[in-house]
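Have a look at the structure below before the remarks.
In order of appearance the chains are A, B, C, D, E and F, and numbering begins at 1 in each one.
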């Protein structure tokens, strides 16, 4: 038998402190160092805000199709925050490929080269799983320019190298192939589809291990305001629950007594 | 070239000790501290028993549809042990929702509030991947009551927070949404379907990274007895294999010589 | 609010060194110790070579269907290198099972017992997800013989134990069941199908977290030669990119100026 | 060559009349003959109403999750109209099965035996594709009682016999098996899930080859009223389009000139 | 409005005769004409036997994994009866392809050329949907030799031509491609996997629109005997149900009174 | 027993003529009547050419990703021939929708209104199955303008009406919904993705029940020339096979003797 009597006694003495929150989150240093002051403040807020509170705010603003949960992040220990730069891919086709590739650089090179600090490259590859869109070399350049992450409805190569980078990657899966012979890039900075969400250039993306929230730039301030207020109440509600209060009267709505306590809680924090 | 000649020499000197077993398993402290003495003993055994040996025993007792491998655990480093408390969800529908929600609290609140130490909430959400069943706030309350885990044939929100908790979570995926507008809870403590298995209130659930075994309460003692005996033999077989014996004569059935050695092995352990 | 003003200042001071490569890779000690000198050299090269460079070489040699990305590795932190030993499974059927199983040992036992150092067992289970092909006991024997990994288009049991072993495992998922009553082994050392790739006995397999490359033995030297040369250039290209050069002129093709620098780079390394 | 010059000339002479509507629909005689006068009138309306118009009305009444398009009808040439009688199935499990089956007849027998004229049996089998829920024998009894159709989120057996019956069947697929050993019936006349829709006992079901609309009984009159009005306008719009008018000004909204024509069109029909 | 008052009256007068059985089945003439007298008798029985009754008998004989319902027949109006002739395909691979194709004709040519009257070609293509296994030309030769059908876990080309032939075809889907560059035939007359069933050369296959039953040759007589007896009882049960008797006491088990009637029914038929 | 002794005798006398070709194909009259003489000749050839021969020619011209077999046609008895007119859809999003829809008519209206005789509307809806792209009303207008078919990587409504029309429809499935609230049209006459193929405006589409071949306009003449020549040889090969010749020496390559016969066969046809 694998277990011993000793165990029966000692484990009773374990502490009961329960962890119920993820560890604090930070911006990647190579991104933080390059952001403008305004962006730095905005990105910091987006790094700290509750993803679910932000989802609720985006939905209330009239954008219910705003969450991508069809992709898998390479690392589960980090938040992604960034601004979308989009590329659209299509199945390879000689005539169109020749036309596009003779007109300028392949669009994943261009998107890396033109990336601004805090950008997230968004590659719509139509869900393709047998051809990769990009790899570690171009991504190295992208990070040198302050790139924060890549979201691809398809595959990437050099996956262990990507996973070691201080950025976020959301993929369907990996592969060792090149982009040819199955795919080609066709459009740059156009609206694209990722999972069930339309992403537009300039959208803000906030990702956790369970998915990526897409926030139109025009509503990002409003969303943050609402969500931060919501988070503050959840902080208070969590405190009450950890003190042993029942869920009724605490969550989702505070009862009258708890509402008063919350007002005091907010005053103390100021 | 990434590799150096030096490597060719040094790695030859590596030790040959091979790890072939997962690290020891323990009950979460916040659960262990709250269990009755009888439950503590039972849960401890369920924490230590071999999952495959238990599966064989459950199947032999006439329950072949007993293993859920269609869900993904948030953490792969722990065993889940608990007693099922079930809730059935259905696609949202105004008339039924109004009727049910006016009759009492939403059932995930109720299930958290009524949870007993060592309970596992089992949410049958029909595999829905675009609406969550519950999140970190209600789960905090559930843990305060001694909750051990959640199994949901669907999604949860606040996934990084859940992953930080000392409990087990089995999901299809995560999402940032609320339960509405797509789903609603309709039944409490009824038989439910998770993957291809019927789970009943009071069933024992034993989970590892590759799935969850469902043990009807009426056979749990018999299952443990058989499985622990089986584990003892596997411990012996593993020892033989690690000594360099061939698989023939050792596994799955001991030959006569090894049977005798096994009898001595058992005597020595007493 | 979860974030503090202090954070706004301090993170600006973070270092900007960017990691863009996975940590170095090594052969498992229990494999390395048993390989013949020739195999040790070959396996070491296969451990170090770039997977994508090798993929390109295999494809150029006329084998485009060479990459398996339909399975999931149990551990994402290691490379698998090995030589294929294949077994073909079929759905269980009494008459054929009786005939085969009375003629000799079950083929997963036999394959473990006959394994040579550095072998990878390749089990074609047709994608079955409700029945396992093998487990920790037989795999222990396999490792004692110098086994390097297992690739199964199906399931295995004892998954936490497997994950603790110093080997690589690629699966569709796990289960707690035995091989019966759903499957049976029927053929040994025949060509098999894994994902969309035909694997033959003696093929070399090189696996990372994103998939497994299949290299016919007859071309492995040529593939290594080409790929190592390619890797050398990528090392140089990476250096340039980390110095802040734009992707144009560096990748995928060096411009004339960089080609000269590359020649000097190679000279310095000799 | 398969084609002849003669063809080049003759096909030019073909008539240009274009069929743009499905043939008229009727109630199955064995159902029509048994309905009460009130039901006969209601069922006749439901047989004639535009499915899309009815969908719009149901959605506007607050029931957006009302359409099942995950199943396949056995025959594509007929409309199904009926009132839901529901049964819930779960994966087989000895203890629960023994309890339920000793308490009364298997629920597919009971539902057939208690069926009222115009009923549609709705079997929630959780999408199971390897075990059937019912077959031709029990369905024969169901038709003798005036049964109109069967909707099953799973399989049925005796499929060629079912397809020859004057009723409608919506399935995932067929199989030759019995209900055991994989499934069992557990609940009768409870809310169930079919595809992404909750169906309640007494709901009206209207099916075409592309899916089944679920109409809560409490809103069926309102839905019919709205939808019939909508259909009348579409009849007029179709007439205009067949006269060669452009879609602009005709559909989806009539322009002022066409609105006047529509008023006259309605008057003429009275 | 699409419906007229007249309809409300006339449909009430419809006859109530209910069709509950599929039309009679016949062997294809080109097969029937070529069979040996013994095969003709056997095939005729297999053409007439109830598929579900035969399934029950095969299962009782110890072969529960005997029904393929993962493929789609090109025509839903016919039964397939035949003897399996198998070919195994694998993903294309230059070295193995060169070896096999230089040793003799491609195996779909050979299987067509060697086919015996009443044979069904069974192609295990691993579920591939982007490359076809065979087409109308080789199938024409197969039919000239008395071929009865083709079952392929993959695709065929020339689908409209196949659908016009007096044979049965079960496919995953169709495609216009040739077998290269994705697939190659590797083994002839070996056990293969189709859906979840192992098919061996010489097995009898009985197909309907909902799937294909696989009967090992060694038990075909026993299976037919049992199944024909079962069908006889179902004929009687159907008669009772069409006379208006309740399902209780009739199906699945006759009560004492009906058992006596059945004995008389059998006597009358002799 | 369902079968009678009489059958055993009579079926032996059946004729042996075997049908091995689909019935002849024609252009829809409403399309044929509107085509220009040049288009009429081209469309007639595309109606008669062998789909597989054309596939081979397109592939040889350098376009291997040219066949869509991921959609289902509403009718299996007809060929579709047409010229692509494309629309790209994306998941609905308020800001982009408002911008696009205020700039002009919804693009499925526009595409129907601007359609030229023989056009096929190609709607890239990203595989969406819960929202329709278009329905019978707009399609009526499309047919009045000479529309030949619709290919949609998604759903349509009014499916029974569409199925009655003299046109071809390829869908994922049907639904009763409108295009909102899930989807919106965003681009007109741009390259789109359908299944795994890029379709460009002006491409020729040739569809059968098993899929749609995409032929770039620039190579259509060359493709027809090659394919018609290939068809002629297949006609000859079919004749030989129906005369009882073995497949060897006839297909895929004629032996010397048969090559001579073929030359004579071609002369006789002139």
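Throughout what follows, a residue touches a chain if its C-beta (ideal position, glycine included) is under 8 Å from a C-beta of that chain, and two chains touch if they have at least 3 such contacts.
The shown structure was predicted, so the numbers you read here are calculated from the model rather than taken from an experiment.
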Chains touching both subunit B and subunit C: A
Chain copies touching (subunit D, subunit E) - same or different residues, decided at half shared: different
Maximum centroid distance from subunit F, chain identifier (CA atoms): B
Whole-Å gap between the CA centroids of subunit A and subunit F: 42
Whole-Å gap between the CA centroids of subunit A and subunit C: 29
CA centroid of subunit B to CA centroid of subunit E, Å: 42
Euclidean distance of C-alpha centroids - subunit B vs subunit F, Å: 51
Residues within subunit E bordering two or more other chains: 196
All touching chain pairs, where touch follows the definition stated at the start: A-B, A-C, A-F, B-C, B-D, C-E, D-E, D-F, E-F
Complex contacts: residues of subunit B adjacent to subunit C: 1-3, 7-8, 11-12, 14-16, 18-23, 51-52, 54-56, 59, 67, 69, 76, 196, 208-211, 213, 234, 237-238, 241-242, 244, 246-248, 250-252
Residues of subunit B touching subunit D in the complex: 62-65, 90-96, 126, 128, 181-182, 186, 191-193, 196-198, 200, 216, 218
Subunit B residues within the subunit A interface of the complex: 24, 26-27, 29-30, 32-33, 40-41, 44-45, 47-48, 105, 109, 112-113, 129-130, 135-141, 143-144, 155, 157-161, 163-166, 173-178, 228, 231-232, 235
